[in-house]
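Here you go, one structure.
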Amino acid sequence: MPTSAQLPPLLAFGAHPDDIEFGAGGIVAGETRAGRRVHFVVCSRGEAGTNGTPKQRTAETRRAAKILGATIEFLELDGDAHLETKAAHALALAGVIRRVRPGIVLAPTTEPNQHPDHWRLGQLVRDATRLARYGGLAELKARPAHAIGQLFFYALGPGSEPPGHPPVVIDLSAPGIVATWTKAMAAHASQLKTRNYVELQLARARVRGLDAGVDHAQALWPNDPLVFDSLTPLTRGARRF
Amino acid sequence: MPTSAQLPPLLAFGAHPDDIEFGAGGIVAGETRAGRRVHFVVCSRGEAGTNGTPKQRTAETRRAAKILGATIEFLELDGDAHLETKAAHALALAGVIRRVRPGIVLAPTTEPNQHPDHWRLGQLVRDATRLARYGGLAELKARPAHAIGQLFFYALGPGSEPPGHPPVVIDLSAPGIVATWTKAMAAHASQLKTRNYVELQLARARVRGLDAGVDHAQALWPNDPLVFDSLTPLTRGARRF
Amino acid sequence: MPTSAQLPPLLAFGAHPDDIEFGAGGIVAGETRAGRRVHFVVCSRGEAGTNGTPKQRTAETRRAAKILGATIEFLELDGDAHLETKAAHALALAGVIRRVRPGIVLAPTTEPNQHPDHWRLGQLVRDATRLARYGGLAELKARPAHAIGQLFFYALGPGSEPPGHPPVVIDLSAPGIVATWTKAMAAHASQLKTRNYVELQLARARVRGLDAGVDHAQALWPNDPLVFDSLTPLTRGARRF
Amino acid sequence: MPTSAQLPPLLAFGAHPDDIEFGAGGIVAGETRAGRRVHFVVCSRGEAGTNGTPKQRTAETRRAAKILGATIEFLELDGDAHLETKAAHALALAGVIRRVRPGIVLAPTTEPNQHPDHWRLGQLVRDATRLARYGGLAELKARPAHAIGQLFFYALGPGSEPPGHPPVVIDLSAPGIVATWTKAMAAHASQLKTRNYVELQLARARVRGLDAGVDHAQALWPNDPLVFDSLTPLTRGARRF
Amino acid sequence: MPTSAQLPPLLAFGAHPDDIEFGAGGIVAGETRAGRRVHFVVCSRGEAGTNGTPKQRTAETRRAAKILGATIEFLELDGDAHLETKAAHALALAGVIRRVRPGIVLAPTTEPNQHPDHWRLGQLVRDATRLARYGGLAELKARPAHAIGQLFFYALGPGSEPPGHPPVVIDLSAPGIVATWTKAMAAHASQLKTRNYVELQLARARVRGLDAGVDHAQALWPNDPLVFDSLTPLTRGARRF
Amino acid sequence: MPTSAQLPPLLAFGAHPDDIEFGAGGIVAGETRAGRRVHFVVCSRGEAGTNGTPKQRTAETRRAAKILGATIEFLELDGDAHLETKAAHALALAGVIRRVRPGIVLAPTTEPNQHPDHWRLGQLVRDATRLARYGGLAELKARPAHAIGQLFFYALGPGSEPPGHPPVVIDLSAPGIVATWTKAMAAHASQLKTRNYVELQLARARVRGLDAGVDHAQALWPNDPLVFDSLTPLTRGARRF
């Protein structure tokens, strides 16, 4: 078992100020609790949203990240609802990966029927995890190449889940995890006026949890086959009903 | 980390004398080496095969199991190449599950374009893992209900792998594992006269290994989403190229 | 708009006493409320379950059906957890279809990774809806052939939902529907001792509802492409997030 | 039943002058006949095609739209065979959606193995239907946000149909619909010199129709799960053979 | 190029008297014209159909086979609409394969949403092609083992086509092929009273043909990857629109 | 049988200097041996790679092409690891297609989880094969339109293979083919320092070969359904185990 000091950092990318919290906040709460360093990179200020000014949303995000125990930075790409698939963006994201040197990376799923920024960012991060390990890229020369361990995708709603791809399920039933996650989601007060985002996520986590035989759980979709030394970590499955 | 005494047993089902060895033998070698109890249930004597008598094949299987450090039993269902999907078979398999009380179960994949016994046995074992935990089954009353942790499917050839379902990949590069596995496969001397089964499996394991950045590896397909307490065991991915 | 007297009957098949209620009970509550005749055919007494005697479960089912406004009958096939795919079963189910002459039929999904009775019954009902319209079957001669309008599959848990097949979503937010449904589920008191079936179904219905912009909703998977006279009934979509 | 005055408009996007007519013209004929307002947005003049000048093709399109009872406008994006996936395009399309305020939107499928303009326009329209409902987009401030009811994709040929995604099937057998549709397709005289587009579409509609038990039918693929108040509109299925 | 005398036989299985003709009759017409020996095995007399007596249907089938230039035999399994998946059936079919020793085998697709006999026969034939090459099967000892070259599935209607699996397309535009095929279909006069089977098949063949740039074509789905010595036979593709 | 002089040229596109060799080099070796003209278009100098200078890599590629008997040109698009999906690129590739006038085109698969240049080039080539046959494109006026016969995709590693899409398998067991291919791969000496690319490809080809009953084989994924005049070329299938 690695000590918490040995846990490689987790790097989470979000297209909008609340994406990481809604899509993977419970998992993040558990990882920081276990002592893992977690860093958020948020790629817009949510300026296209119906509610909340960029200033408000920046503040909400900083508060949410603090509640979850994560550090945070904002990375300007094309702006909210304007993201395009450009090589320069993938290189910028790869530069962050080389700087943070994570073991695990989180990004939104690449399902094309969701907010256009989500799936494009998911694909850009996927590209970036590859670029980060190629040695000859002039734009990235400032830092040594870095190979991550695994990229996981998170889904912001049921329609963003990759159909037919079984996820891994992370048990959130340790004391306090769901409470911390809920508090972090509630920090995005401007977004909760018109839609029940918090209730949606908690209901999703309850369905996943009941199916896995625990209180609450969140799912992640691995980008590549998971590699293990043995079957020892693999003795739990979700399908209680 | 559980000690080896605490590792829940592994129960592997095969339709024919050599199926477990060819499809998951490297993984079995690693598990017994780590101290896990492994038990094989072989559901025919291979009597429909082109080569080898039932007596020879029984002896080869016992030898192979011994090399891998597994115990073994034969369970008569309908006979080689005659397996049908009967409730009585699922109940018989569930009875074995209640007796052995495994944490992990292995069975052939349910892809319908392979030897007809393979996919039917895979489906029967899948059914059996459910029946084993239902309390009211008269045929199973002799033993208390048992819920396994996870069912994994193994693939005997490239055409038996479930398309589009990402597997977990088990690293076989610890010293001696591939050698033990190869020896166990070679114990099935009668089957190696006309087809290069051993070379096929080693080439498949080499491709999986190179893709995972290790020497050799074997893949398994989980029946249900995998559940974890945290991301700690999930920091390796296969996609080196 | 048909008057309620003109609504063709709904015929729902369940493998166990509580399947229809858990998988489609909210939809049934809405249909009987609208005046449609609904008939349940339950194909076992749940005698393999961990909790409840067949007698208790029969009584619970009758009570649940009554709460939902449906009539009910029991059809003995092979018994709980023993169902096999036999032509005689499909013919028996087709006989019921010819007798009830429904416009819509409900059955459990055919996803093979669930209770073995569920998917087998789903396939048998699918076969039966075809046999019911073939004119030359000696076993069915007593009644004229009948072609149903549409067969829908219901899913008892998240793992039983057909991946990648978009469902139709039925809005349950009319007053009283969810309350009636909940009461019908609660009638299965013997089954609620060890697992949170009711909470699972309500959480699933809440996720579906939030995604569709309503309070609660349940999904069904059509067996065949849906046919419409025009786009008029097709102006609502689920994807609020 | 809504009166025709209450039917929300239908907005159909095409990449080339004849796309809507060939892919969904029969459905459009039925909707305008029922009194629904239909508006076409054509995103090029077909200037890359083998036959027909832009002037000819513009005239043919206007004539075809008139035959179908639809209004029409041309929207210049990147030009025929030059369409790229740009945020500015999605915003332009979203602007049209806010202006027309449709209940239903039609666009070509996003299957990537077809004319490059088709699938890119399909994805752009999908993005646009989301952008149209986000309140904070500066480029769209001139008009209030608008949430459509449902986006449907149409397929211009068998290879453009999304495999494995069941469509909805619209019955075209009311008197005069196929005749009107055929006349509208024939208006694209320049395109009919070298390929049997009209016969292809009629043969496809005949196969769909026979399968649905009617004379002719056209299919659409819903972008999101369809939501209904009850099962009443859902009593017809296609699978006659 | 093999001479016609060297062409290995084609063995086609049908569940009902008209299945082969409707699903693959155009292809059969081309093969017999080229000098290949074709043999039909029909596994029922169609006695469950709405129209036609077994005697009539037997006569119609013999006439149709004659028109197509094929020999024919009837094999009694469980009777029309009663077919079950039994090992004995697969062995019986394997016995026919050993007798006829075909290079190519045809069977209905295994899609489970069609006539229950169709997909079960498809799976039984798939199993049988494997059993035919296993040397140790007592029931088959009378004849030497035989390995076929390729198994293809044919689809009787659009809903029986395997979604997402690209077929091979056989050009039927040589003079006389479609005429012969149409005549063979028309021989099933009893089946043409209530449904437009012939028109359905011709419309499907016209769509396939137009897409492939020829007059008419029929599709087949290979069971296993196709193997070639070079790219020389692979220079035609279907996607004209 | 066409004589070698009649074989239409093969045009292969690669994103990097070694892609064609690793992904389809064995097939190319067979085609040039049979007398077919093969031309490589390489769309970067590999300047982002960890090893090798552009100059070295250009030289290695020229040597490899020579060993395989192919001609070669370099086409500058956006540079290694910078490729974007631009209409201008598709037009440039279409221009090459019009110049070379191939019967068969090869490109990397479009699976989005691989090197970002690979799948984008695959999609660009797919678009280009369509643009090449449209008569009205101003940029392409210099040369007459050209319709290729078939586009095939090659996969550079197991993770780049399109899941669920059966490939065609090309037998490489003719004498000298694998040796020539291996020599061509070895010409990319700069790339073999850190990864076992050659062994990966040979192990993949061995698995494919054993499954097809031959020594070695490589797979290609057709973009469109394959069209044949008869079943004569279709008598071999891969599934030996």
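What to note about this one:
Here the chain labels run A, B, C, D, E and F in written order, and each chain numbers its own residues starting at 1.
Everything that follows uses one rule, which is that a residue touches a chain if its C-beta (ideal position, glycine included) is under 8 Å from a C-beta of that chain, and two chains touch if they have at least 3 such contacts.
Note that this is a predicted model, so its numbers are computed, not measured.
Shared contact partners of subunit E and subunit F, listed by label: B, D.
Taking CA atoms, the transformation carrying subunit A onto subunit C includes a rotation by 180°, reported to the nearest 5.
A repeat of the E-F interface exists among A-F, C-D or A-D; more than half of the contact pairs are identical by residue number at C-D.
Interface comparison, B-C versus C-D: the pair with the greater number of contacting C-beta pairs is C-D. Measuring from the averaged C-alpha position of subunit C to that of subunit F gives a distance of 51 Å. Subunit D and subunit F have Cα centroids lying 36 Å from one another.
Among all residues of subunit B, those that touch two or more other chains are 85, 113, 159, 164, 223-224, 238-239. Chain pairs recorded as touching, per the definition above, are A-B, A-C, A-D, A-F, B-C, B-E, B-F, C-D, C-E, D-E, D-F, E-F. Within the complex formed with subunit D, the residues of subunit F that make contact are 85-87, 90-91, 110, 123, 126-127, 130-131, 134-137, 145, 223-224.
On the subunit D side of its complex with subunit C, the touching residues are 1-2, 7-8, 10, 27, 30-31, 34, 36, 103-104, 148-152, 164-171, 174, 211-212, 214, 217, 219, 222-239.
Residues of subunit C touching subunit B in their complex: 46-51, 78, 80-85, 112-113, 115-116, 159.
By the touch criterion stated above, subunit B contacts subunit F in their complex at residues 113, 156-160, 163-164, 195-197, 199-200, 203-204, 206-208, 210-211, 238-241.
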